[in-house]
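Note that the chains take the letters A, B and C in the order they are written out, and that residue 1 is the start of every chain.
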Amino acid sequence: QRERDEFPTLKDFRGLQFKSKDSTIYMNFRFRMQNRLGAYTVDGDNLGIREFDARVRRLRMRVDGYLYSPKFSYTIQLAYTRSDQDFDDTGVANIVRDAVVFYNFTPNFYVAFGLNKLPGNRQRVNSSGQLQFADRSIVNAAMNIDRDFGIKAYYKNNIGTAVYHLKAAITTGEGRVANNTDKGLAYTGRAEILPLGAFTKDGDYSEGDLMREETPKLSMGGGLSKNFETTRSGGQIGYYLYAPVDLTTYFADAIFKYSGWAYQFEYIKRTVDNALTYNDEGDVKYAFNGQGINQQVSYLFKNNYEIAGRYSWLEPGESIQSFQQETEIVELGVTKYLHEHRIKLQLNANYQTKQGVFALDNKGNRWGGVFQVELGI
Amino acid sequence: QRERDEFPTLKDFRGLQFKSKDSTIYMNFRFRMQNRLGAYTVDGDNLGIREFDARVRRLRMRVDGYLYSPKFSYTIQLAYTRSDQDFDDTGVANIVRDAVVFYNFTPNFYVAFGLNKLPGNRQRVNSSGQLQFADRSIVNAAMNIDRDFGIKAYYKNNIGTAVYHLKAAITTGEGRVANNTDKGLAYTGRAEILPLGAFTKDGDYSEGDLMREETPKLSMGGGLSKNFETTRSGGQIGYYLYAPVDLTTYFADAIFKYSGWAYQFEYIKRTVDNALTYNDEGDVKYAFNGQGINQQVSYLFKNNYEIAGRYSWLEPGESIQSFQQETEIVELGVTKYLHEHRIKLQLNANYQTKQGVFALDNKGNRWGGVFQVELGI
Amino acid sequence: QRERDEFPTLKDFRGLQFKSKDSTIYMNFRFRMQNRLGAYTVDGDNLGIREFDARVRRLRMRVDGYLYSPKFSYTIQLAYTRSDQDFDDTGVANIVRDAVVFYNFTPNFYVAFGLNKLPGNRQRVNSSGQLQFADRSIVNAAMNIDRDFGIKAYYKNNIGTAVYHLKAAITTGEGRVANNTDKGLAYTGRAEILPLGAFTKDGDYSEGDLMREETPKLSMGGGLSKNFETTRSGGQIGYYLYAPVDLTTYFADAIFKYSGWAYQFEYIKRTVDNALTYNDEGDVKYAFNGQGINQQVSYLFKNNYEIAGRYSWLEPGESIQSFQQETEIVELGVTKYLHEHRIKLQLNANYQTKQGVFALDNKGNRWGGVFQVELGI
């Protein structure tokens, strides 16, 4: 089993494995480092550098396995870098990303209790170590439902060769930082169907067709999440609002792979009741609402160079259009996979436009580029 | 040796052990996760939910062992969750819980230098992984002396079949967060006697009679700690006061186990010189003083279900009675030990009263419940 | 290879090593703990204690090794204590100290990408686990260039028996805390020559002659670093200034070892354009500039006791002499190496003077002492 961040990797362990002599303790240790050098231009027709994005983007340690019986599995993941800790939004160094225990009733039905990713949009559930661009899309950034503490249930089965997954969660709705929460919880459901059968090595949650599927493979998914009385601008993530709001997020996505080609599609829409919140001085803080589409297509050459293209479109809802503009990004990526997704070199270039105007002199347009090295086990 | 947080577990190692080829490095790795879902009612007769307590309560990594010679042993423990870091009181993410080196003159006499638990009240010195309720008592919460940096000495010996322990410490008195300190240090001493001999597998520092002692076992202990010129409301813990105070804490406790039954008792009393501190605007911050008793009784069934009852009483001192009320809690706990204290499911329900009035409509009374899963090695 | 913090220790691994069955993953795990008890007097002729320095000074975990091919090596180092995280200057718990990947073109030429130490003054590049006093000198504290994110290149070669090293770096200039940076980067270069050949086990980056060199060994080095538009008082470290400044730092150093004797010398000079920065209220924050010299001499006895002396002199630049005074420190150290630098007991005593006046009654003069235990693998 490959990495997807909802689950521990119980089969086909990667990394370093430790087992106690009596086999009651099984632990798999991994780490992942992403070092990045990026730059953004001043605007579309002034190619001077406005800002560098140069840092250890991610440095994570992950331990998963089972204890005393394969029925009790667990995943722990720690994040050590500032931007991986929601620090700038919350003021708290949230080191813990995953801390969850699974009870496996059967190989096809298990329940989780703890902190891990919600079954939201596909690109978010994808591990950041399985991406083909250095970052996820702006659509994901604006509307994903991230991680949350609570109870989750997972079920999968077959109909002939087709595979389907059902996932549901009841969680606090306030994300990683919360110690306690009000009565307003979050409710999430998601279904997936793989009409052409399972992907090789869980490739439905890994970008790019690194397995070079010999027959076409397709996964289609969709779901929704309702988050009641959340105090944060993105529900589980984002800055604190002046008043609680109710969010509803809808997502539909698909991934197709065949013979080195991969195509993925993602649509997310979010509605918010009373998205604008005010304090006593009349200052405003808003919860993002709107909709967006992300599409990516890629081909992996025999030498393990991949070329990928991406087009993302994000439209803010009417109530917040005085704060946010419609944004599009066109991006080109070249990735050299030295050891699948574990060691890779990524070079991305993109052009971002505002208000649907692609002209270089349009206000807010800009060029960007990033070089990223990923190293992990 | 079982876990008690003053010591490394040099014998009967649990967890994953690593040894260098030349046997000069010996390291034992463990982790522990506690995931919790709790709720409190609005008050005693309105059973609506006021607040959920839903989170990764603890996530810790622990490394202990010896280096180059069993005479040099060490314990390191790291805490990754917000509520385990004293963050909300200090603004600092105090990741380090234990970082201490021991020099073992003899197996019965050793000296510690570094950060670890003070030899205070028994329930506090108990590891949080050895508790039979999800939380320690309110008496412990209000007056325990926690961890501190300094020098500690431990001595144990026998008188016939009886065993006794003597422990002493000189420490900074400001707890885990301190980088440096004023002249006012903390001085702690504690003695214990086990008239019926040692508990099976160090059970005097583990709650519940999981070993089902075949003969009665008893430990009685007591001690005191003087903390001079501390700047924090609880000495080593708590928020910062406006002025330093001197604290004295007295503790007496006992634990008895036999044939699946366990009973424990704990009395703590704290006095503070000038407990109320003021800033220039006349705002007040106070150091807790008062006294309290905690008692727990439990029986472990053959199927490793345990039923436990607890009664705690906490009375604030006269000088702070305008800020804090007398509080009592009656609590019932059912615990399923799947692998002793390492994997357990805990379900607790409690009723909290104020001012000694048990009537449901008394102001401040409330019901609470918590379900907790503990998973560790 | 011994530890120097620019590099992973690929040869002569210490610590615990893990290797995957197929030898594609090689990982070396180490940790290091420094516990300290220090005290400073009120002044030169009042030996009352003004302040204790009692804490876990450092607690670090380090993982290094290579992945899939010895050409891809890496170093990760995490710091868990408050004072090791730049917390008090930045408000951020900077846990990551090193996170860097190396591409080894040849054994003599390699390039690093990520966060690690800059090739600055020798005492700083020295690991804190290879020092003979509990702290580095005041000269280093005031003007070292610490760690920074970016690209670094390292080359070494021989001329006959002489060895030389060339090192260069382009980095963000804002240190560990930075997520992104302006156009002003930092440029660093350094050269070293070892005319008498390589030290035993990389002893040129380890203090004290623990290897008891059988023939005299000498390393001389020098370099400079220009840091443009940095926002911090020390470039990569220090508090935030009110306006960006340009720093230039020059360093020259040498170390000599022979038969248990070691002598080291370090000169650092820093110039700053417009060192004083102001906010709108006219408050001032300044970037340190000035110069200083540190010298240390030591002898290691046969029983692995070392006696060491140190003299440090630090002179602030003219523009900041209303804020900082000329400072000298004379220090004596006795160290017992129980297992080389891995387990050692250190006892240091020092006398600090201000304005070049050694009289006990001079304002600002004081005595200090520290006892430190280091334990690591």
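In this section, contacts are C-beta pairs under 8 Å (C-beta built on N, C-alpha and C of every residue); 3 or more make two chains touch, one makes a residue touch a chain.
No experiment lies behind these values; they were computed from the predicted model shown.
Visitor: Interface overlap for subunit A and subunit B, more than half of numbers shared or less than half: same or different?
Guide: different
Visitor: Superimpose the Cα atoms of subunit B on the matching ones in subunit C and note the rotation angle, 0 to 180, in steps of 5 degrees.
Guide: 120
Visitor: Rounded to the nearest whole Å, what is the centre-to-centre distance of subunit A and subunit B, using the mean of the C-alpha atoms as each centre?
Guide: 39
Visitor: Residues of subunit B that contact two or more other chains, please.
Guide: Counting only residues that touch two or more other chains, subunit B contributes 93, 95.
Visitor: Flag every residue of subunit C that touches subunit A in the complex, lowest number first.
Guide: Interface residues on the subunit C side: 18, 20, 24-25, 27, 63, 67-68, 72, 74, 76, 78, 92-96, 99-101, 113-115, 149-151, 172, 177-183, 185.
Visitor: Flag every residue of subunit A that touches subunit C in the complex, lowest number first.
Guide: Contact set of subunit A toward subunit C: 15-16, 31, 33, 35, 37, 49, 51-56, 59, 80-83, 87-88, 93, 95, 338-339, 342-343, 373, 375-377.
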